[in-house]
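Read from first to last, the chains carry the letters A, B, C, D and E; within each, the first residue is number 1.
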């Protein structure tokens, strides 16, 4: 266990390091923020001067080493655009992102998995058709559209929910739905398929033969067996919900790191982007380690094979 | 007779009505997309600033705009028809790229384990932790916009999902006795992966693929929303919708028609995907 | 003992499970499935491996074909070492050895037709293709009592016994030197069993195949085998020629086995005397000291619980591991 | 009854609230209510005193400002000439790395010669000085030196009508009226600037009363605001000019006939009427009416596609590929409309959209890679032609992909003389050259369009500033 | 008649099961009285397992019961609600599946699966149920039951899994036990032990057993009556002694002849039955064994023989019961 954890940790660090390096290089290839910072009438010399002041004229590897040096002291640098520590900027957005991601995950898992179970066990009923329609809608409406439609319907027309805002529960509802809808569909479909796969197996018949109802067999045995692909998806979706929220956050003026990320990329605020990437890769690696652990908890064969 | 013919024989049995319906639908969509240049009533790029945001059925100088016009007075029907081709090819190409890459890597990682597993799975971690949007923006920044680059970005950002799914499923399937049996029969890794593991992990993979298919169209739409998708005057359903969202109140038809098409497409792909999956699973097929 | 003519040479093979500690830190007890066994099988010979369920027969079989790496020991097939062989080498060796798995339900790919399954070894070894392949498959199906039309069916469409025949057909497709048969006929009805046994024997006569034949059915064992090995808790306790074995079983466990064989005649069967084994059934995770059988042995004395008897030769050529037999 | 809290939706949050560090519209909209500037502009756009109560030129390069008395910072401390001199010297100090440095780099130094007098010297005669100083906010010397630059950015303190009480970065800035403000009594006790990037959401906020004022409503969405009984559109012509850049140094547009053809091809009236829905006015040069130097005397290009086609033919450029650079910052519809118009006369325009940073990098970089066309919406916030056509077309400037010695001489000269009539003439000549060479084409004067609650009374100004003190609430 | 002395616990009455349009099980009838063991033998694939699934109402989705009734303690199973049926399963009637490894949930410990079976019908606490399960494992001869209970199916050998299945089937003391090849994977000593356990159930509790097996030895050991199935139909049904001594159907006779015998030379050809079982879509109108039968006549191919009563509870579906002597010659 300890060895496995240590191995994973080292691999994770290498992976995160890889991410940082790739992003660093590509970001720097794509230009620097000087042009965006200067007033439009700045002269070429002025731009060069500011660039030099900000240190973007140095060779990329010097900047990279510099960055790493800072990183070694847990110094993530100061945003050239906002002139505050990059880590602070990102940190201030984390709570919002956590809220939104949890909300969306709740929608996705809370609705997706039960829907999948129902769709698998009630094949052919009207309930299955209704759920299918919902699932397909979730998969085929772009978030920028669903977001604004939600706002117009529930915010402007019905006035049930605030049109934008952040931090409180009511304003979390619509963004969570908009963001979670797609994942919800994915969960529902994956759950459905996995369960259908399992229902054909002999142990289901054996379970019923010992006097369990079909639903008892489903809940006690089938779900567990069907869990692996669903867990895989869950791990993928968590990372997705963190970084994939750009559009939802933009539409609902939700100040999460997705919005920050796109703004920082667009303003070439390198250090902020780096912190975000660091954070996302950390979370991603953690969830995938977690997923591996959960695989092992769910499936003793995987557990023993390690 | 080889394995393939053994397997393919009897494949098409009783095809349910729903599958026939959606296949027809899909075929129609694809045909419309391909035939767009011949059947579209107007040039999709032809603007008429005097006829902006006109509702379906609007007529001007003998031309009928069956689905209305957009904010530059272009014929929405023609744009939707042409947009189908763009959306479909983006989705198909990127799904194909990411499936091929992702599933192969996932199976290889799950089957060989060891070093190669670590390398592939960490690569997956790396790719997954770089937000897709960042990669998209940066790619456009470095390489410039364009259709192939779009496909490249989408394909490159999405393959790790297939890898994770294929990997997890492979781990499970690889322990089953029939895999060992085939190893004993002398089957090499390639054969085991593609003849035995692949069909047995195809269910979940197909789910991802069909889900991703719609998602790719949505991702392209998202990039269009951010101004980084297909370059105008070419249009995709996504870009039409991202324009239309500004005019939800004034001109609902702009989003409505491509939206409906997208719904039908995603629905058809899902139904077809599920059916295909069932075809791959002989147990549920003979039901 | 070492004879170059041997198809299989097993030396001191030991296989233990567990103990390493799972991912979640639960270090289970070590299951000593196979403990230092030695066995040679000559060309064209059939050796039966009998023993209680869970005594390590399948584990040993898996080890022989390289599916289960042993903790120690050596397995040579046709003179080539299986233990530690790389994939390519193993693949070469496996040409000569095939296995019929115990559980047919799980050893067939649910998504391949049985035709494809049987054809697989022929395809991958490039032995046949096209029409010849179809014919070979049809022939193999017929040999195991199935019909050529069955080739297009999937495993779930067969009964348990039919699946077992498919597994046999696949194993025989390559005409290997050695076939490890892990209870190949126990799921078959008697007439098909007879067919399969006839088939196995015919193949042996024709091609000199050797079999390691794991079975519970002593009737079958007597019919088909040249030599019998009795395994108990991961060890061989008796090894003898068929005739010697059946005429004078020596180990108390063997004798109990013999007496428990049901006769296919209600009159005889219901009046038969049986040696009933009492006492606690030990487990491979908690191996008793001394003779593994002493907890249930009617002849057990003090020495049995202290000293483990080794396989020792008896005048009639049998090897027996017992202090008293 | 007075309204206690005014909520304003901006497209973004302030990047910094240190007025010396940022010059983007959102930051400016907020911090300009926290800080007073040395000078300001009135509703008509004239430069008028603010912290400086008067000023006089001692010579071409020296100017003396009289500093207003009785002004206090929001911590109660007095604002003195020391603070003013400190502010000037701070922004020109390279150590601050201020991106605005280029606007003030003509200033050599400033010193407080008495508690109420600041003397400033420039490196050369600099007629645009006052226009630039309109952008200089006065910061408290003692406070800045005490807390340091970084802390000052987070907790700014100025002498303006509102003080910052809470800044949730990326979310909103909450301001509170400063009761000791010298000029007027601030009309609202609280002001909240929220960051709402999506315009549809801003409109929804306005309609539901979540916001009282929203900035940056695209003209074709104004309809939606007008249709709401509680909302109104406030708009004003600005000094911002929408223009088309034509690369005179590379590609098909290198041929002046092609550039002229493009100028004839564009129906800017249609653009204004159809796409801007009237929230814009045609212009004949690259400049707008509120700008000093703008002239009606130079003829614009009338829409004449036939002539355009002839010119293209003459240049042998039929079907030539022209890359049209753009970024999501610019109206997509306008770009596409221009593309179509130019294509209609026989060129082949391809739009290439990338993010703003990349757009700028290419647009300001090597001419060969700067695209044939690009759209721009230019405002120098100085209402002076020098702030427009000098950076856009003067040889060697980052934007110029054009070089004309005669033109350069004219704009260089106009830069350093102080006689306004003379300058007007020079700009007229310069505009005439630009008309001939078409390195850029003025399309329209942009309007600033705001959505507001019906009860909000406010006259927006040409410089797009948002002074809360100019607003009021009508019951 | 002996059969009428006690009411049968379970009777199957003209059961017909259809898969894809073919009657895979066709008009099968038999019954078991309390304390009796009915053995079901027959070629593999002849429909034994399907019959057993039908008895528990657990036919695979592809299969449909198209005719016939199954009566459990006189009650028609088809008339039961799903709820009643569920209550009955495991308690009134339980089954030992043929393929034990596949029939156990791979992700649940075997102990939990046994306990679950017990608790499905008894309001026992988990601890009590575990104690029961432990006892059950001892009864089926599994050493170290405490540890085994906490293991997963893949950690057990095939035979152990089979015994786990047996434990699950027996833990609630069913009135009727359907055992589908319960001892195939077991060595003879354990097999004997299991058979003893069954005999004890029969003797002590009057359990009725339907035993499906290929092992004629087991049949000889434990069965009271034997039904021989061929291609979905009952070929012959008789008390065990009668069947072994004087089979009245050619298939039975040939089947018995193919058991390896002591006096056979080693590796000599065993007697087999020529040909293969017809697939369900090849079933003709006549006797399904006709193609392989040494006694075949035209009538056999034309007409399906009914089950003739030969007295003493012995019935056979053959037109040529009187010519059985010939068979004995063929077999010898």
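In the analysis below, a contact is a pair of C-beta atoms (placed from the backbone, for glycine too) under 8 Å apart; a residue touches a chain by one contact, two chains touch by 3 or more.
Only a predicted model underlies this, so the values are computations on that prediction, with no experimental measurement involved.
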item	value
Chain hops separating chain D from chain A, counting only touching neighbours	1
Most widely separated chain from chain D, with each centre as the mean of CA atoms	E
Winner on C-beta contact pairs when A-E is weighed against A-B	A-B
Approximate Å spacing (C-alpha centroids) for the pair chain D, chain E	91
Where chain C and chain D are represented by their mean Cα positions, the distance between them in whole Å	88
Between chain C and chain A, distance of the C-alpha-averaged centres to the nearest whole Å	52
Residues within chain A bordering two or more other chains	30-31, 148, 152, 202, 265-266, 299-302, 304
Touching two or more other chains - residues of chain D	200, 355, 357-358
Chain E residues counted as touching two or more neighbouring chains	99, 102, 155
Residues of chain B that touch chain C when the two form their complex	1-3, 6-7, 9-10, 176-189, 191, 195-196, 199-200, 202, 280-283, 286
Complex contact set, residues of chain C against chain E	17, 29, 31, 50-54, 58, 102-106, 142, 145-147, 149-150, 158-162, 164-165, 183, 186-195, 197-198, 201, 204-205, 216-220, 222-225, 242, 256-257, 260-270, 274, 277, 280-283, 285-286
In the complex with chain A, residue positions of chain D that touch it	12, 15-16, 18, 21, 23, 94, 97, 99-103, 105, 149-150, 153-154, 168-171, 194-198, 200-201, 204-205, 207-208, 210, 355-358, 360-361, 364, 378, 380, 387, 390-391, 396-399
Of all residues in chain E, those that touch chain C in their complex	41-46, 48-49, 98-99, 101-102, 141-144, 147-148, 155-160, 162-163, 181, 184-192, 195, 214-221, 223, 240-241, 244, 254-256, 258-260, 262, 264, 266-267, 269-273, 276, 279
Residues of chain A that touch chain B when the two form their complex	11-12, 14-16, 18-19, 22-23, 26-27, 29-31, 132, 135-137, 139-145, 148-149, 152, 182, 185-186, 189-190, 193-194, 196-197, 200, 228-229, 231-233, 235-236, 239, 243-244, 246-247, 258, 261-262, 265-266, 273, 276-277, 280-282, 284-285, 288, 295, 299, 301-302, 305
